[in-house]
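Heads up, the next two complexes both have subunit A, just with different partners, subunit B and then subunit C.
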Partner chain A sequence: DSHIQYERVGADVTMKCGSMDWDAAVTWTANGTDIDESHLNGSYLILKNVDLSQSGQYSCYEGSSWHLKYQTSLRVGTPPKEPVLMCRSNNYPKGFYCSWHLPTPTYIPNTFNISVIHGTKDMVCEKDAVPKNRCHIRYLQLFSTVKYKVTLTVTNALGKNFTTLTFDEFAIVKPDPPESVVAKPVPNNPRRLEVSWQNPSSWPDPESFPLKFFLRYRPLILDQWQHVELSDGTSHTITDAYAGKEYIIQVAAKDNDIGTWSDWSVAVHATPWTEEPKHLTTEAQITETTSASTSSFMAPPTTKICDKGAMVGSGAVAVCWTAGLVMAAYSVLFI
Partner chain B sequence: GDSWGIFTFLCAALCNLPALPALNCSEELGAGQSIQQTYDLTRYLEHQLRTLAGTYLNYLGPPFNEPDFNPPRLARAERVPSATVDLDLWRGLTDNARLAANYRAYSRLLCYLRVLDGQVGTAELRHRLAHFCASLQGLVLSIGGVMSSLGYPLPTGPAGPPAPSGAPVASNDFLKKMDDFWLLKELQTWLWRSAKDFNRLKKKVPPAVVTLRLEARGF
Partner chain C sequence: MAAADSPSAALRRRDLCSRGIRLAGKMRADVVDLLDTYVEQQGLDASVSVAAVEGVPPAAVERWDEQTGTQRLLENLAAYRAFRALLAQMLEEQREQLGEADAGLGRALAAVLLQVSAFAYHLEELLRLESRGIPGEEEEEEDGPPPLPRLSVFEQKLRGLSVLRELAQWAVRSSRDLRQLAKPSPATETAPSLAESP
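Let's turn to the complex of A and B:
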C-alpha cells in the first residue's frame, strides 16, 4: 500500500521497509533509480539532512523475488511561517474581503482557516472560488463602533501558524482605481488636455457614497508630478500643459469621507494639440533673410574683402564667411 | 441610588440652559442653512473630535489611549445613542426619520458631553470640550433648521438622557472611564454616519434655505 510522508528540510529520515525485518535483504529505489547500499542500515533507508530535491517516490523491494514490499511518497517541506493577511473594503457599504498568502513557500500542501469576530458575534467569511486565497463578508450592520477581528490560521503536516488583524469598519475602506481613464487633446488649445474617467465598477453605490478623485500628471521628460484634487465629477481639463510635450496621466479615488486612497489607475498618455507645420519653402526663405540681415549687420568691413571673392565660387564664400566672423569677433572686442 | 438622581438632574439642568444663548446663535444661522452646510459642519466636527479624543484619552490614561484597545461592549453603555444600524433599514429611512435620528442622537450626545465637561480635571481639556460642545450645539441647531424648512416637526422628548433603566451610574473609576471611552467612540461613529446621511439627503432633497422661527417653536 502507498503512503505519503512529510518531513522537514534538514531533518534525518529513516524509512522502514514495511513489515520486513531489519536484517532482510532489500533494495530501495528513489523515483525508479536504485539507491546505493551506503544509505542503508540493514533494511532501513537512512536519509540525512534532507533537502527539497529528495522529494519523490521511494520503493522497497525484497532482495531476490523483487516483490514490492513498501512504497511511500516523501515530501520535503517546511512548517508555515506567519502568513500575510490583508482586509479591505472596495465595495463599501456592501462588505469587505480578506486575502492572504505565505511569505515563503512550504513546498507541501497547506490549509487556511479564517475566522471573523465582530464583538461577540462570529461571522462567516465566504471563500471565493477565484482567486483562491480570498474570502468575502457582507456587512449586516453599518456604522459599527465595535471592531472586527480577523484571524487566519495556516496548517500543514509540519506545523501551524497564524496572524490577526483588528480594525474598524471605516479604516479598511479603499476603492479600486478609477476605470476607463481617457485623455484627449483639445483642438486649437495647445496647452490643454481633457481627462475623463469612470467610477470603479466595484463601488456599488456612488450616489449615497460619492467618491472624490486625485489626478496627477507630468510631461514624460520631467520627474515632478502635478496634482489636482477633485471633489466632484469624473472629468477635468488640464490647462497648463507644456505645448507639444507628451504627458502621462493617472487618477486615484477615495470615499469622500472615510478610508484611504485607491491605487493609481492605469496610466494614459496624451499630447496637447499642436498647430500643423506650414509649407517648407516659406520656412527656408525666413531662415535666409535672417542670416543675410545678420551678416550685413555684423561686419561691414568684410563685405569689401569678400566682394571680389563672392563671384568666384562656394569655397571662396566659405572662406569669406569665416574671415567675416573673425573680423566681427575682433570688432566686438574693441567695442 | 442617589447619585443617579443627581446625574439626571445635572443633565436636565445643563441641557435646558443653552436654550437662551441658542436664540442669539440661531438668528445668525437663520438664513441660508442648507443640507450642504450641515454636512460641512459634521466634517468639521469630525476633524475637531480627533484632536479632542486624543487629548481626552491621554487624560484617561492607559489602556484607553492605546490604539489597539478593543474592549467588549458592556450593556450599561447602551445609554449612549448608537449610530449602528441595519444596512437595509438605513437605506430605507425616510428623510424625516433620517434627520430625526441625527437630531436626537446629537442632542443626547451633547448632553453627555456637557456632564463630562463639568468633571474633567485640566483647564486645557475643559477649554477644548467647551469649544467642541459649542460646535456640536451648532450642528444640532443646523439639523433642526433643515427639518423645520422641510416642514418636519422637531423630535420632542427629554433633551437629557432617558430615565434610568436600572443600570447604576458608574461608582467605579474604571467603569466611568469606560463610559467616557464609549461616548467618544459613539460620537465619532455618528459623525461618520452623518456625513453619509447628509450625502443621501443632498441627492434626494434640493438645498433648502432656512429661516428659523425659533420663537414660534417656544425655544
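Let's turn to the complex of A and C:
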C-alpha cells in the first residue's frame, strides 16, 4: 500500500518498513536511489532535521528477495501562518467578494473554509471557479448598520490558522478604476488636453449609484502631480498644460457617497497641440532686422512672426504680440 | 395620475429630487460629524454595537431595487417623521442633563433636526406630486406622535447613538431612493394607492 506522510521542516522522521521486524535486512530507496546504511537503525529509516529537498517517494525492500515491503510519499512542509484576507465591493449594490492568500507557502496542500455572518445570520460565500482563492456574496440587505464578520480558516496536515475581518457595508465599497481613458490635444490650443473615460464595467448601476472621479496629470519631466476632483461627467479639459510637453494622465473613481477611491487607471500619454513652423514674408524679415529682442530665442529668418500693425513697444525692444507669444512659449521649453 | 405624468410635474419631480439629493448629502455629512462629537461627549466607545432600539427606524431594507416609487417615498417619510420626534427628544434630554454646558452639541442637534424637518417636507411635496395623500397627517394634528419611552441616562445615550447611526444610513438610502425616483417614470405605477392599502 502507498501512503502519504506529512512532516514539519526540521522534524526528525522515523519510517518503519511496514510489518518487518526491527532486525530484518532491508534496503531503503529515496526516489529510486539507494539510501546509505548510516541512515538506518535496524530496519528503520531515520531522517533527522528534514528539509524540503527530502520530500519524495521512499520505498523499503526486503534484503534478499527485493520484495517491496513498504512505500510512502514524504511531504515536508509547514503549518499555515495566519492567512491574509481582503473583502471588497466593486459592484455595489450587488454584493462583495473576499479573497485570500497565505503570506508564506506551506509546500503541502491546504484547505480554506470561509464563514460570513451578518448579525445573527449565516451567509453563504460562493467560491469562484477562477481564481480559486476567492468567493462572492450577494447582499440580502442594503443600508444596514449591522457589521459583517468574515472568518477564514486554513487547515493542512500539520496545523491550522485563521483570521477574521469585521466591516460595515459602506466601508468596503471600492470601484475598479475607470476604463478606456483617452487624452487628446485640442487643435489650436497649445495648453489644453481633452481627457475622457468610462465608468468601470463592473459597476452595475452608475445612474442610481453615480461615481465621482479624481484626475491627476503631470508633464513627464516633472515629478509633481496636478489633481482635479470631478463630481460628475466622464470628461475634463486640462487648460494649464505646458506647451509642447508630453503629459501622463490617470483617473480614479469613487462612489459619490460611500467607500474609498479606486486604484489609478492605466496611464495615458498626450502632448498638447503645437503650431507648425511657417515661412517668413518680406515684411517680417524687414521687421526682424530693425528690432532687437530681449529673449534668448531668435526665430529663423524664414518664419513669419507677425503683421506690421501688431507691434508693441518702441525702439530697440519693439516686439509684436504674436512674436511675444511665440517667444514666451519657446522660453517655457527651456525651463 | 394624469397630473403626475405631465411634463411640468415631471420637471417639478426632478427638481424636488435634485434638491432632496443635495439636502440628503449635506444632512449625512452633518450627521457623521455630529456622531463623532456625540460619541466623544457622551463618553461612548465608537465601535460599540447597539442592538435595534425600539422606535428608531432601521435603514436596512431587503430587495431595495424592487421597491416602487411610492413605497420609497412612504418609507422615507415615516422614517424622517420618526427621526424628527427622536431628535427633538434628544435635544430636550440634552438640555435637561447638561443645560448650557454642551451648547455646541445642542446646536448641532438642532441643525440636524431642521434638516430632517426640511427633508420630510420635501418628501411630502413629492407625495403630493404623485397624487398620493400624505399618510397620518390628520391623526398627527389631533393626537401628536406616540410618546417615546422614558429611559435611564445610559439608555438615552445608547438610543441617541442608534438614532444618529441609523439617520446617517437613511441619508444615504434617501439619496439613492431619490435618484431612482428622478429616473424617467414608467407609464403606470403598480403600488396600491393609499385609499386601497389596509
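Just so we're on the same page, the second predicted complex is superposed on the first by the 277 of 335 C-alpha atoms of A that agree within 3 Å, B and C clash if a C-alpha of one lies under 4 Å from a C-alpha of the other, contacts with A are read in each partner's own complex, and residues count from 1 in each chain.
Keep in mind that, in the parts below, a contact is a pair of C-beta atoms (placed from the backbone, for glycine too) under 8 Å apart; a residue touches a chain by one contact, two chains touch by 3 or more.
Since the model is a prediction, treat every value here as computed from it, not as a measurement.
S.K.: After the subunit A overlay, clash or fit between subunit B and subunit C?
M.R.: These partners clash in the superposed model.
S.K.: Would you mind checking which one, subunit B or subunit C, touches more residues on subunit A?
M.R.: Greater contact footprint in residues on subunit A: B.
S.K.: One more residue to check, A:Thr120. First (subunit B), second (subunit C), both or neither?
M.R.: first
S.K.: Considering only touches as defined above, state whether A:His39 meets subunit B (first), subunit C (second), both or neither.
M.R.: Once the two structures are laid over each other on A, A:His39 reaches no partner at all.
S.K.: Between subunit B and subunit C, whom does A:Lys149 touch in the aligned arrangement: first, second, both, or neither?
M.R.: first
S.K.: In the overlaid three-chain picture, which partner chain does A:Lys245 touch, first (subunit B) or second (subunit C), both, or neither?
M.R.: Touch status of A:Lys245: no partner.
S.K.: Which of the two partners, first being subunit B and second being subunit C, lies in contact with A:Arg216: first, second, both, or neither?
M.R.: Touch partners of A:Arg216: none, neither subunit B nor subunit C.
S.K.: Per the contact definition in the header, classify A:Phe170: touching subunit B only (first), subunit C only (second), both, or neither.
M.R.: both
S.K.: Once the structures are superposed on A, label A:Arg8 by its partner contacts, choosing first (subunit B), second (subunit C), both or neither.
M.R.: The answer is neither, since A:Arg8 touches no partner chain.
S.K.: Hey, what residues of subunit A end up touching subunit B and subunit C alike?
M.R.: On subunit A, the residues that contact subunit B in one structure and subunit C in the other are 93, 140-147, 170, 207-210, 256-258.
S.K.: Which part of subunit A faces subunit B closely enough to touch in the complex?
M.R.: 93, 119-120, 139-147, 149, 166, 170, 207-210, 256-258
S.K.: Show which residues of subunit B lie in contact with subunit A when the two form their complex.
M.R.: Those in contact with subunit A are residues 43, 46, 68, 70, 72-73, 82-87, 90-91, 182, 185-186, 188-190, 192-193, 195-196, 199-200, 203.
S.K.: Which residues of subunit C touch subunit A once you look at their complex with the stated criterion?
M.R.: Per the touch definition, subunit C meets subunit A at residues 25, 28, 49, 58-62, 64-65, 165-166, 169-170, 172-173, 175-176, 179-180, 183.
S.K.: With touch defined as at the start, can you tell me which subunit A residues reach subunit C in the complex?
M.R.: 93, 140-147, 170, 207-210, 256-258
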